[in-house]
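Read the structure below first, then the notes.
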Amino acid sequence: MPGDINGADTAWVLISAALVMLMIPGLALFYGGMVRVKNVLNMLMMSLSCLAVVTVVWVAYGYSLAFGPDAFGGLIGTLRYAGMAGVGVTDVTGTIPTPVFAAFQLMFAAITAALLSGSIADRARFSGWIVFVVIWSSLVYFPVAHWVFYSAHGHGGWIVDRLHAIDLAGGTVVELNSGVSGLALALVLGPRVGFRRDPMRPHNLPLVVLGAGLLWFGWFGFNAGSALASGGLAGVAFLNTQVAASTAVLGWLAVEKRRDGHATTLGAVSGAVAGLVAITPSCGSVNPLGALVIGLVAGVVCSYAVGWKFRFGYDDSLDVAGLHGVGGVVGMLLIGFLATAAVTGSARGLLYGGGFGQLGRQTVAVLAVGSYSFALTWLIAKAVDRFVGFRVARDDELAGLDLLVHGETAYDLGLQTAGVGHRLPGRHESGTPTRPADRPIAEQPH
Amino acid sequence: MPGDINGADTAWVLISAALVMLMIPGLALFYGGMVRVKNVLNMLMMSLSCLAVVTVVWVAYGYSLAFGPDAFGGLIGTLRYAGMAGVGVTDVTGTIPTPVFAAFQLMFAAITAALLSGSIADRARFSGWIVFVVIWSSLVYFPVAHWVFYSAHGHGGWIVDRLHAIDLAGGTVVELNSGVSGLALALVLGPRVGFRRDPMRPHNLPLVVLGAGLLWFGWFGFNAGSALASGGLAGVAFLNTQVAASTAVLGWLAVEKRRDGHATTLGAVSGAVAGLVAITPSCGSVNPLGALVIGLVAGVVCSYAVGWKFRFGYDDSLDVAGLHGVGGVVGMLLIGFLATAAVTGSARGLLYGGGFGQLGRQTVAVLAVGSYSFALTWLIAKAVDRFVGFRVARDDELAGLDLLVHGETAYDLGLQTAGVGHRLPGRHESGTPTRPADRPIAEQPH
Amino acid sequence: MPGDINGADTAWVLISAALVMLMIPGLALFYGGMVRVKNVLNMLMMSLSCLAVVTVVWVAYGYSLAFGPDAFGGLIGTLRYAGMAGVGVTDVTGTIPTPVFAAFQLMFAAITAALLSGSIADRARFSGWIVFVVIWSSLVYFPVAHWVFYSAHGHGGWIVDRLHAIDLAGGTVVELNSGVSGLALALVLGPRVGFRRDPMRPHNLPLVVLGAGLLWFGWFGFNAGSALASGGLAGVAFLNTQVAASTAVLGWLAVEKRRDGHATTLGAVSGAVAGLVAITPSCGSVNPLGALVIGLVAGVVCSYAVGWKFRFGYDDSLDVAGLHGVGGVVGMLLIGFLATAAVTGSARGLLYGGGFGQLGRQTVAVLAVGSYSFALTWLIAKAVDRFVGFRVARDDELAGLDLLVHGETAYDLGLQTAGVGHRLPGRHESGTPTRPADRPIAEQPH
Amino acid sequence: MKLVTAVIKPFKLDDVKQALEAFGVHGLTVTEASGYGRQRGHVEVYRGAEYEIDLVPKLRVEVLCDDADAADIVDAIVTAARTGTIGDGKVWVVPVEAVVRVRTGERGLAAL
Amino acid sequence: MKLVTAVIKPFKLDDVKQALEAFGVHGLTVTEASGYGRQRGHVEVYRGAEYEIDLVPKLRVEVLCDDADAADIVDAIVTAARTGTIGDGKVWVVPVEAVVRVRTGERGLAAL
Amino acid sequence: MKLVTAVIKPFKLDDVKQALEAFGVHGLTVTEASGYGRQRGHVEVYRGAEYEIDLVPKLRVEVLCDDADAADIVDAIVTAARTGTIGDGKVWVVPVEAVVRVRTGERGLAAL
């Protein structure tokens, strides 16, 4: 028998779902601003396509795999809710309408796939990417979501409900998962032409800052919305989110200033994301002082972690592994130290007298999700590469993906084109596309 | 006797009103990114001016015309609430404070006018536009809103309450209305210089994507907020909105890929808008599978519809008719097929055993609003053109509106101006503006 | 004994806190778009650093200074809540969880400091700025917040609870405070090189419009959220916010059109901010017609006020004093004329038969906060300038702060760098940074 | 060989291009530029302060050509770029000692 | 006729313009450029990797003038653009065979 | 003295720079340009309408050099910039009558 709907909880989760959705265009701009000017649109399209593709998969069967009753001993859900069966106007999950819960969780699935794309910026085939997203969501995201988030129903998900690891808003499902998968993906695709030699500077840092601002804003829905209720826990999660993001900014900038001589804008927003990642699992189990520590550690550790790719030679282009993978681990493990019964109700970390138990549980969760998603992602990526093709040709990569893949250029700020060029007589007059007969097909401009 | 205020419903409609407001800057950037670099600011100003102008008209008499008791047999409301009489701290509409309802509905009026502006990008006189917005809102928007939305009070609006057509969030009032009016406006103003010859590419696609992202985000408030309550209906409307936008993106991109060889970024965001438009009337009467179909149809149909202007020669510059007109009709009519009693409570579409009745009602609503707004808009535009002037001079159009109309240029990214030019001794020293006597008045730079 | 949590109020204040947070990136982009291209990132970083730094100070002791029980006869709060003691999951303030209240108020503290930065654009040392923000928040913001906002607890803050001046959302604490402090800061740092001679045009007006759009959107949380409850007062505050912003846009544009011949985009967004500033204190004490007047007066007055700097020679670069100082005073004083018992419950302004009493109280509040913050800020700025250094060297100012302070450039839109430049062998391979031995340290490019 | 350089109003590029094509010249190089001369810049007003923006946007077009064609090409450009209002621009001719087509290494006229 | 081209530091444009006006030259054309020479670019650090950005932003100024004035104009520019630090730029002179004012068709000195 | 100007494909700049450095030339000035010739622009499709964008982005590289080096520098650039596909660009040489280093006032070869 479903319980009653609580209007206040519903309002809070409704707006939280919208906030998480906004993170996806936010991420698109964050990533898009970071790549070189010839690949901006491709980067935007990798994020936007996740929003569309994952939504369809979710409606078809994804929601059911993640939140259906246990199949295969709890490895995944059944297809009972496929096609959104059981997600009607009057269905209730906890204290909110089931469609609201399904919409909120949908956004998590979509953004996790979008996060991945940063690790293979500037070189992936768009068709390969779309196929990958469908398979990866089905084989990696939905199972892991079942393990962790299914507990929201009060029974099931082994990581949270049986292992009793703590992960309020998806430090494993979203962050660690995307980070580790991003690493596998970067390894399969290989580095960009010019990696470790050419400067690949962000082409538009104000766009990156805008994207980061939208991410930070949306993350309140992500974390505090994961309380699934409008009350004290949401409040603490909200405050912790703000605190950890802030100390991570300061931690990252301090490292940069000391190490490189400059506190950079890219460092500030990277720090913010690192902090937000680390507080994602932990926002509902620590107090603001704990959040302060988690953010600081995440900012400092990730500011070093993003440099590992240069040392070890994998091209995690926009630092998905360095931020989401490493930040996710930091957040998960620090719960084992900083969880306080004043927030969790019972569970306690090492520093609050809880012994090593919680730390152990957190470690198991990290290892389980990390190894599962690395292995599966590597296999999926290899298969996509083999059967669909996952990497563009070298010349196309040099010329840039925007024009070659999408037939567009991101900016046209000059006066040159004001009166130049002309529309070709074409399909809309004649029904079939034509080209002036007296000139050869245009070569691509490289 | 007014009912009690429900705090949860109030919170949801408050934030929804803010979300819809954000759609207006979102639209401004969406449109602004699409025009050529010489007309960006003018495009932004056309949207922003609606936000300001419609607000004042709304407070003065617009709210009352739309939501006042019937006058002229229900054609429009009376002036009883002019000047926001009856919209006090303690007044209640349904379960929410009347000021909240009035603010929410105000945003709909403002964005509808802003939507229109896209059809006459790059060539309208700013003064003509302002006058047009005031008259058009008064003679077209407020009456049509009265027909459809007044039903929110539980009595009145003939289209929803008497005809029993279904239009939850304004597929007629906002979408069809703006699309058809945009077409009339484009016809009256005539095509841009160079239409069908010059490439008029978006000058800044990341800006377009940002605008589309804000629109999509805000649309959750638009659609799910239109439930005017924080509960299951809002949840379904929210989920449907997400689903239809997504399938429309995929539908549009599939057409492009097949027809043109490239899946474009502009196509992705255009598809998203097409889907959001079509789900606007239908979000509260279909289930997610219905939304999936509505989005897909809207994406495919609109991807062709935006090309009609080249065949028929009307210059609907940013495709207001092609997206909002056509998408609005798609959404309204598909309700006649896909409405399900599981969501509506009673009304059923053709495919759910409801026969042709609902389809007929939807068709009548479309024809009534479509013909009314086309005819009235055409007359108003003609009148404005005659008495105020609606189109800039040819040379001004060639040189660009930003400098000529607003005295500004959108970007100044170069180094050229770093130390160049100088402030003129002027009004702030002397009280009256002066110019160096030894040089002629500067010519405009074309 | 704390009361019960109201879920609806909690949801509304939660989302309001997120909205106010979004104002900070919004402000960063608003300011960032207005400066010249060589200083964009520095401007963004001045805002973002406030978000981070003020959050840490707030957690450490700021919240307690502002909302702790009276110390020194009410000049400031005690340290009872330092380290977020008493801000737990189950603590309640009014009808909402205390962490929610603390998070909401934190955002006010952060944005007020960020607002200040506009007055010293293009010339401040980043380290000086960080030190200033910490001291200024401690000695100016927290005390003034205690005087005004502490009343939210129902006892305390002398300006609202004893003087009975009206200031719902921080016309004194945020607006007047930042405006007057900005003026003091601009005086201490002195004008930019080239002030009153060079054109210092916004480098990216679409970015300014975006920033203004986010500010407007967030301001609904700022003002209507300050009702701290989801009900009629929030509704009226929301509607008033929209109305005042709109009439201020129109007022400003009318002045420009008449005075300068052009209605500019920068004018439109400046007008919006002026209106939003003026309605901040007054949104909960006037009706929509009052808001209409307040916005109009603010738009007209501020459109002149921003020109004073040219006459008097202080370089308030982005018009913090002209918008927030003057707009704040306009809003505070007009309450004395336009407050109506229909909204306030009891207090009445001059035009509603309340006599000069309220006007007097408003004036005292303005004078008290204005003189306190001017004097203190001037002293703090002088001290920072002396002991830390507050202004960059003249050559650095000419070359631009982005490269010199942050080691970055905002945009890289050209093709020049596509294959040019190279990564230096460096710290990540060898552990310590190295530079090619055969070439001198690169000179900075000016 | 000569290099004809023209500084023109941006919106005249299309006309210049067509005139050159009509003449039989099928290549050119364009750069964004700005300039001033008799035509002064425009005035922008910002928040009540008036600024004169001195430099007016122009395009700079370069055409390599045979010695014999230079005069005609100059005339073709001048005719196509003319609006008759101040600021129409300048065209000038510079001697060129060698031209090479990068793709093939062809030199002189064959390189055009 | 000569064409004087100067590559200068961007923030020196105003000084150069004033020097030219003082000399009686009332027209010029400016292009954004970047260059390197003895002055190497700057180092930017991104997420822990150091990059050398080789090309330093410059402005490229062109002035058409009478043969007799060329030397003085070069001197005027050199003096105005000098900061004395590395990277101040170059000025060079190229012979011009013809100049036309687009607006009027005037040629030679009359076209300036 | 000569001025060698090369219009090249943007992604070839690095190769050109390296070839010049190998040759001993340590300075150059780059401008963004666009051009067309035998290589036509590309087609973009927007909302169902096809447009041909005529102008293809190029970089314009200028190198001042001694008379004796000009031919070799041209060769070095041509070799480095070649991809063998249409649109590789042009290189041309113009006589220069004077060169001055702004920083020091040095002239001629010493100014390079």
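Just so it is clear, A, B, C, D, E and F label the chains in written order, and each chain counts residues from 1 on its own.
The rule is simple: a residue touches a chain if its C-beta (ideal position, glycine included) is under 8 Å from a C-beta of that chain, and two chains touch if they have at least 3 such contacts.
Just so it is clear, the model here is predicted, and its values are computed rather than measured.
Among the remaining chains, those touching chain B and also chain E are A, C, D, F. Connectivity note: excluding chain F, the chains that remain are still joined by touching into one piece.
Separating the centre of chain A from that of chain C, both taken as means of CA atoms, is a distance of 31 Å.
Computed from the mean C-alpha positions, the centre of chain D lies at a distance of 18 Å from the centre of chain E.
Centre-to-centre separation between chain C and chain D, using Cα means, comes to 49 Å. In chain F, the residues that reach two or more other chains under the touch definition are 11, 17, 30-32, 34, 44-46, 48-55, 57, 83, 85-87, 94-95.
Residues of chain B found to touch two or more other chains are 6-8, 11, 15, 199, 201-202, 204, 210, 214, 259-262, 264, 266, 307, 310, 407-409, 411, 413-423, 427-428. Against chain C, in their complex, chain A makes its touches with residues 6-9, 11-12, 15, 19, 36-38, 194, 196-199, 201-206, 209-210, 212-214, 216-217, 220-221, 224, 229-236, 238-239, 242-243, 245-247, 249-250, 259-266, 268-269, 272, 287-289, 292, 307-308, 310-311, 342-343, 411, 413. Against chain E, the residues of chain F that register as touching in their complex are 1, 3, 17, 26-32, 64, 94-103, 105, 111.
Chain contact summary for the complex, chain B toward chain C: residues 5-8, 10-11, 14-15, 17-18, 21-22, 24-26, 28-29, 32-33, 40-41, 44-45, 48-49, 51-53, 55-56, 59, 83-84, 87-91, 96-100, 102-103, 106, 126, 204, 207, 210, 214, 405-415, 417-419, 421-423, 427-429.
Residues 398-399, 403, 407-409, 416-417, 420-424, 426-428, 433, 435, 439-440, 442-446 of chain B are the ones touching chain D in the complex.
Considering their complex, residues 44-53 of chain F touch chain B.
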